[in-house]
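Chain lettering (A, B, C, D, E, F, G and H) follows the sequence in which the chains are written, and residue indices restart at 1 in each chain.
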Amino acid sequence: MPKLVLYKDRCKGCALCTLACPKHLLEISTEINRQGYYVISLAAPGKCNGCGLCAEMCPDMAIEVWR
Amino acid sequence: MPKLVLYKDRCKGCALCTLACPKHLLEISTEINRQGYYVISLAAPGKCNGCGLCAEMCPDMAIEVWR
Amino acid sequence: MKPVFKRPKSLYDVPFHYCPGCHHGIAHRLIAEAIDALGIQERVVAVASIGCSVFLYDYFAVDVLEAPHGRAPAVGTGIKRARPESIVFTYQGDGDLAAIGLAETIHAANRGEQLAVFFINNTIYGMTGGQMAPTTLPGQKTTTTPLGRRVIGEGAPLKMAEMIAALKPPAFVARVAVNNSKSIFQAKKAVQQAFRIQVEGKGYAFVEFLSACPTNWKMTPCEANRHVSEALIPEFPLGIFKGDL
Amino acid sequence: MKPVFKRPKSLYDVPFHYCPGCHHGIAHRLIAEAIDALGIQERVVAVASIGCSVFLYDYFAVDVLEAPHGRAPAVGTGIKRARPESIVFTYQGDGDLAAIGLAETIHAANRGEQLAVFFINNTIYGMTGGQMAPTTLPGQKTTTTPLGRRVIGEGAPLKMAEMIAALKPPAFVARVAVNNSKSIFQAKKAVQQAFRIQVEGKGYAFVEFLSACPTNWKMTPCEANRHVSEALIPEFPLGIFKGDL
Amino acid sequence: MYFDVIISGFGGQGILFMGNLLAHAAMLEGKNVTYMPAYGPEMRGGAANCTVVVADEEIGSPVIYHPHTAIVMNRPSLYKFGPRLLRGGLLVVNSSLVDPAEVIYKGINLLFVPANDLAREAGDDRLGNMAALGALITKTGVVRLQSLTDALSEVIQKKYRDLLPVNIKCLEKGATYVKNLKSQI
Amino acid sequence: MYFDVIISGFGGQGILFMGNLLAHAAMLEGKNVTYMPAYGPEMRGGAANCTVVVADEEIGSPVIYHPHTAIVMNRPSLYKFGPRLLRGGLLVVNSSLVDPAEVIYKGINLLFVPANDLAREAGDDRLGNMAALGALITKTGVVRLQSLTDALSEVIQKKYRDLLPVNIKCLEKGATYVKNLKSQI
Amino acid sequence: MRKTEAVYNRKLVKGNEAIALGAIAAGCRFYAGYPITPQNEIPEFMAGRMPAVGGTFIQAESEIAAISMVMGAAATGARAMTSSSSPGISLKQEAISYMAGSEIPCVVVNVCRSGPGLGGISASQGDYFQATRGGGHGDYRTFVLAPHSVQESYDLTMLAFDIADRYRTPVLVLSDAVLGQMKEPVYLRGYKGREIRKPWALTGAKGRKARYLKSLYLNEGELTARNWKLFRKYRRMEKEIRYEMYLTEDAEAIVVAFGCAARILKTSIQMARTKGMRVGMFRPISLFPFPSQALAAISNRVNRFLVCELNTGQMVEDVRLAVKPGATVESCLCPGYIPTPNELFREIKKRYLASNP
Amino acid sequence: MRKTEAVYNRKLVKGNEAIALGAIAAGCRFYAGYPITPQNEIPEFMAGRMPAVGGTFIQAESEIAAISMVMGAAATGARAMTSSSSPGISLKQEAISYMAGSEIPCVVVNVCRSGPGLGGISASQGDYFQATRGGGHGDYRTFVLAPHSVQESYDLTMLAFDIADRYRTPVLVLSDAVLGQMKEPVYLRGYKGREIRKPWALTGAKGRKARYLKSLYLNEGELTARNWKLFRKYRRMEKEIRYEMYLTEDAEAIVVAFGCAARILKTSIQMARTKGMRVGMFRPISLFPFPSQALAAISNRVNRFLVCELNTGQMVEDVRLAVKPGATVESCLCPGYIPTPNELFREIKKRYLASNP
C-alpha cells in the first residue's frame, strides 16, 4: 500500500493539495500546528493510490509519498 | 529660371548633394571656405530645374532653392 | 518502497517563509529537482534577486549571490563569464526583472549569455506589499492602482517571454504555470531544459512562471490558484516560444 | 519666386557642429519642418539626450531640457504629464535609447505616453568616439569590438522599432532612412505623423532614423551614405510597423 | 502620565487595528501618543505587532524594547514578548488561545482575558482584539471606554460600518470582564 | 632644461601624431616628458591640438595655457594660439596654409615653414606635419633628429611601415630648411 | 500647540502620510516613485489622492525613471516630488546632480533605512554623508531638512518646496524608517508659504525666446562660473538654517542629534536632568547648510559635546568642524538599530561623570 | 628611477592605458564598462587586450550593468574592475554599497570630470566627497587611491587589487581627465604583489558546504554587528595609508593637494622656493583612509596650511579635521578648470606674505 507522509509542521493549510488529489482524498482538518495553521488530513488512506500529485502541488513540501 | 542659393560657409564638402541631384549638376569645387572645406559648385546653372532635391539632401542646409 | 515524491536534495530541509499557497515554493522545488536530476548541484551558482525570494540562500544548498534589485542578469553574466564551468541561474520577480531590471534582462538575453533565467510573474510586487508590477493585469487593483490598472498611462502587461523570444540569441524561452498537476509537469520539463541547455553550452534560457500571490491578490490560496487559470493564462499564454523541450 | 527649399524657421540660423555628411543634420531639419508645418513651435518642449545631438538647444528655436544619458523618455513623460498642452519630443541616439535607456524607452512606450520619440540609429556611439552600440551590425568593427561584433557574447543588433511595435499602447512606429531623396520624403511624412498624433492626443509615436556616422564608420560621407542602403537597411528594414501615415 | 504597550498576535487578529484604535482614543483625549507598527519582510510569516505610547509629556521613542504593558494574542507572541516585559509590568494574555500554564514569567502582573470567548459571546469570535482592548483600558485606565468607542466610529471603514455595534459590544465585554474580576477580588 | 609646445591644426593633419612623436623622442633621450591631447566634443568640428612638455626636472602641469612654443598648422590655429604665446616665445607657422601677412603678433619669434610644400618636394604633401616637426627641433634643439627618426620607427603602425622613408625624408626636409635659414642669417 | 487645536484639528497619521499630505498642501501636483520599504505609504497615498486634486501620480519603472520624470515635470515649473529609501536614493544621485547643475528645484524624500547594500529596513542615519555632501558627482549640495516628528514631517515638507523654488535647487527631506512608519497626531495647519513665479520654466516659447535648461558647460570658463554661482547660492541658503535647542541655557554638556535619534535623546536628557546633570540638546533641523554658527556660539560657553547618531560616525565631522578649538567632541553611535532612551542616558551619564567626578 | 631603466624600459602611454596595463599586470581578468569621456581608453584597451590574456571584456549596456557584472565576477574570486567618469560613477553607487556590504572586493576607477550634471569633460576633483564618504547609502567606505602621474596610475592600480582582496572591499582609483589623457613615460615594473586565497568565493559547493554573499541582515543585532565589523575593517585599513611629503622639513607653510593639482603645485612650490619662501607640500595618496596622523604630526611644527583642490572645497574638511587646534587652514579652489603653476604660486605668495610681512 502506498504511503503518504505528512510533515504537519510544514503544512500551511493552503489546501492546494486538496485541489490536486484526483480522488479528493485530502481535506483541511481542525488540527492547528505549531505555526498556527489548520493542517491537512488524508480522509481514507486506503484509497490513496500513491500517485504523488498532492505532493507535487504542495508549495511547502509538507507531503512525501512512497510506493 | 530656378535659383539655387549656396551658403558657402555652411557647406562641409560632404558631396551628398552631388548624389542627390538627378541631373548630376553639382560637384565639389577646389574652393576652400572659412571652415576649411572644399565647397560645392553648380556646373551648369541653366540646366537646374529647381527640383530642390540637392537641398533636401544637404545635412547642413547650405543650399536654398527658389523657383 | 520507493519514494514517489521526496524533497530534492538541493533544498535544505527547512520551512519556507512564503505565505500559504504562494507558488514561489513550487518553483523553488522544480528548480531544485532539475539541479538534482542533472547532477549539477556542485557547479551551480545562483543569483538571488530582491523580492519575496531574496532569501534563496536559506533554501537552496548551492552557492548564492544576492544581487542589487533588477541587476541579477548582469550579476549572473559576471559570474558565468568569470567562471564558465559554473551553472548559473537567476531567480527574479516581475518587479525585479521587468521594471527596474528590464534593460539588464533584455541585454543579457540579447548577448546570449549562458544563463538560466527563472522569472516569477505574479503580476504584483509581493515583498513590498502589493504595488503594481509591469505584468499587472488591466483593471487589476493594487495599492498603487487603487482603481485598477489602466493600460494607457499605467501600461499594458509586459509579455516578457514573447519579448525575449523575439531576440535572436536566446536558445530557449517558455512560459509555464504551476497551478495544477498538468502544468507543473510541463513546468518541470521546461526548467530541466533550461539547465540542460546551459550544461551543453547552448546559451540563454528563459522560463516564465505564472505564479500566485494570494496575500497581495487578497484571495485565499485556492482562489488565487484558480485566478491563475482564469485571469493570468488568458493574458499570458503558456507555451514554448523558442527552442523545444 | 517661391522657395522650393528654405531653412525651417524652428531652426536657428547657425551652422551645425556635426561632421561632414552626418545625417543628424537632416533629421534635425525634418523635425523642424514638421514643427513649422503643424504650427506648434510655441508649444514644443524638446528633450535633448546625451550624444552628438546634446546641443539640440543650440539649433532648435523651442524650449529644450537636457536629460541625463538614457532618461529622455522619462524626462519627457514628466514634462508632458505636468503640462499636457505641450508638444514633447525626445531625440536620442542608439546608445542613449537602446543601451542605458532601454528600460525607460520601453516603459514610456508601454504606458502610451503622449510623446514623439526620434531615434537616431547610427549603429555606433558617435560622441564618445566610436564604441559599439546595441544596434552595431554583426561583424562591424568599433573601438570596443576591434575584431567586429560577435552576436553571441556581444549581442545581436536590437530592432527597436519592431520591439516597440510589439507593445500594445504605441500609436505609431516607423523606421526611415535619409540617405536619398525618396527616403527623405518618406521620413518627412513619418515625422509629421509622429507630431500629428500627439497634437490629436492619440498617443505615443516612435520614428527610427537609420543615420550615417562617417567619422566613426571611418568612411567618406558618400561611402557612409551608401553603407546605409547596403548594410543598414538589409538589417533594419524600413517601414511603418504600427499605425499609418 | 506615561503608558506604553506592545500588542502582538498573528495577522488575521486585527493587531494593528487595536493599536491604531487605542492611539486614536488617546488623541481624542488630547494626549500625546505614538503608534508604531512592526512591518516588512519579517511579517511575511503572518506575525503582527505594534507599539503604542501614551503620555502627557512629549514622547521620545515610539520604539519600545521592554514595555510596561504587553498584550499577547497568541502563543508565539507570548514567547516573543513575555520575556521582554519590564519587571512589575502588566501582561495581558488572550487565554482563549494561550494556555495560562505556559505563562511562566516572574515579577510581573498578569491579566488573563478569554478574548475570543468573550467575543463569541458578544456575537463574533473574530473580534477577540476588541475584547482584549476593552480589558486593557479598564485594567489600566489609559483611556476611557467612551474615547475608544468614539475613536471606533471615526476609524472604522465605511464598508464595515454595520459591524460597529458588535465591535462596541466586544469592547464592553472585555471591560466588564475586568470590572467583574476586580469586584471579585 | 624646460621646453613646452602646443601643436595645432585640423584633424587630418596628423597633429596628435606630431606631439606623440616628439614626446617619444624625448623619452628615448631619457628626458621627462608629458603629452596632452585636447579631446572630446570640442574636437567634433575637426580641430586638433596637443601639448608637449619636455624637461630634465619632474614636470608639473602637462596643461599649458601660455606656451613657450607653438606650431600652427592652419589659420584657425593661428587665431587660437597666436595670442596665447608667451612674450619672447617661438611661433612656428605652416606658411603653406597660413598667409604670413596674417601673423600680426608682437614680441615673439617667428619661424615660417612652408611645411606642405616641403613635404610635397619630399614626395607626399600630406606629411607637412613631419616637415614642421623637423623644423621645430632644428630651431629649438629640444631633441635630436636621430631621436625623432628612432621614435618614428617605433611608433609608426605596421600597415604604414612602407611610409617610413618618406616620413623621415620630410623630417629631414624641415630640418634642412631651418639649417639653411640659419646659414642665410 | 494649544489644547483646543490638539483636540479638534489633529489627525493620526504616519510620518510617511504626513509627508504626502504636506506635499499636496504645498501645491505638489506631480509625484513619481518606485516601491521600496519603508516609504511605500507615500506613493500609495499619492496614488489615491493625486487624481482627486488634479495632479499626476506615476509609478515609475525604477527610481532613476522616477527622478527623471520629476526633473521633466519640475522643468515646466510644476512642484514635483519623488521619494524612496536608501538604495533607491543612491540610484537617484546622477539625476539629482543634473538637477542641481541645471538649477531645477524639486523635493526628494529619503525615508532612510539601514545599509550598506540591501541592509535592513530598520531606521538608520547612515545616509547623512550622502545627503549633506551632494551625494552624486560634481560640486553641488542639496538643502537637507531632517524632521524628528510626524508634525515636522508635514511642516518641513511644505517648507522644502518653498526652499527648492526660492533657490532653484533640489531639497532633500531626510526622514527614517521610524519617523515614516510611526503614527502621531498631526495638526494639519495647511500651507502658509507662497508659490513664486518661475521665469525660467519650460512652457513653450510662446511670445518669448526659446529657453533651455542644461548642465553641460564646455566653453572655457563657463563651468567654473557655474560652480562658483552654485557655491554662492549654497552660502545664501545659510539664511534658511534651522535648529532646535533644548535645555541648553545652563548646560555644561551638549548632546547633538537629529531626526528620530533626537526625540529619543530628549527622554534621555530628561532622565539626566532628574539626576541633576546639566545636559542639553542641540538638534540640527537643516543638515545642510549645517547650523555651524549656532553650535560655535554654544561652544563659547560649553566645551563638551556628544554626538549621537544612528550610524558609525558621520555628523560628528560637521560638529567637529563647527565647534571652537578646545571643545571635546565625542560620539555615541548606534548603527543599524534604535537605541532606547535608557541606553543613551547611560552613555550621557558615563561621560558626564567622567568629567564631573 | 635610474637612468638606465628610464631609457630602456619606459613606454609612453596615457594615464588611462597605464591603469589598464596595471590592472592586467595585477591579474585582473574581468573588465566591464560603458563608454564615457575621458576614460574610453580603458575599455578600448581592455577590448583589445583581454581576449589575448584569456580574460573577459564586456561592454555593458550601462554603468549599472557594468558594476553588477563586476560584482558577479568578483564574487567568484576573480580580480575584476570597472571604470567610468563622474556621472557614470554616480550610477554605480548603489552596487558599490552592495559590494561593501557583501564584502566583495573590486576595483572601480573614476577618471573624474567636471560636474555637476553633465558638466564638462575637463579634469576636476569634484567627486572627492563622493569618493571618500562612501558615496552610496549606508555606513560604508571604500579605500581611495589618487595617483598624480601616469606611473602612479599604473602602480596604484596594481596596489588597488591587493588592498581590495586583503580587506575584501571595493577600492576606488580616483584619477582625473588630465591624468587619464596625458601621456608620460611609464616604467612597467610588473606586478610584485601576491594574489591571496579567497575562501569565501562562490565557486560551486563542491566538497564543501554551500556559501552565499549578501548584504541583507534582518535578524536583530546582525546588521549592527556587520556595521561595526566594517567600521573596524576601515580602521585596520589605516595601515595602508600613503602620502608624499615634498620639501616639508623646513617648511613654514604647507600646501595640501592630491592628484593632478599636486603635480602642478610642485612647480609652484619650486617657484616659491626660488623666491625664498619656505613652503612645502603634503600630498595624500590614499584619500580614504586620510593620512590624518601624518598631517597632525606636521601641524605640531607648522601651523599654516593651504588646501588646493579642483572644486569648491571638499578635502579641506579632512585637513581641518586632521590638524591640531590653532593651525589655520585656508583654501585655494579651482573648480572646473586646470590652474597654472603660476596662478597657484601667486596664491601661495599672497598668503605667505600676508603672514611673513
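Keep this in mind: a contact is a pair of C-beta atoms (placed from the backbone, for glycine too) under 8 Å apart; a residue touches a chain by one contact, two chains touch by 3 or more.
Computed from a predicted model, the values in this text were never measured in an experiment.
Path length between chain D and chain E in the touching-chain graph (shortest route): 2. Among the remaining chains, those touching chain B and also chain H are D, F. On a Cα centroid basis, the chain most remote from chain G in this structure is B.
Centroids built from CA atoms put chain E at 87 Å from chain B.
Computed centre separation for the pair chain C/chain E is 41 angstrom, with centres defined by C-alpha atoms. Contact with two or more other chains is made by residues 35 of chain B.
Those residues of chain F in touch with two or more other chains are numbered 40-41, 45-46.
Among all residues of chain C, those that touch two or more other chains are 18-19, 54, 66, 68, 99-100, 102-103, 107, 127, 134, 154.
Across the interface of their complex, chain C is touched by residues 34-37, 40, 43-44, 47-48, 57, 59, 61-63, 87, 117-118 of chain G.
Listed in rising order, the residues of chain C touching chain G in the complex are 50, 54, 66, 68-70, 95, 99-100, 102, 125, 127-129, 131-132, 134, 143-146, 154.
Across the complex, chain H meets chain C through its residues 29-30, 32, 56, 58, 60-62, 64-66, 68-76, 78, 80, 94-95, 98, 102, 202-207, 210-216. Only residues 35-36 of chain A touch chain E when the two sit together in their complex. Within the complex formed with chain A, the chain C residues making contact are 1-7, 11, 15-16, 18-26, 29, 180-181, 184-185, 214, 220-222, 225.
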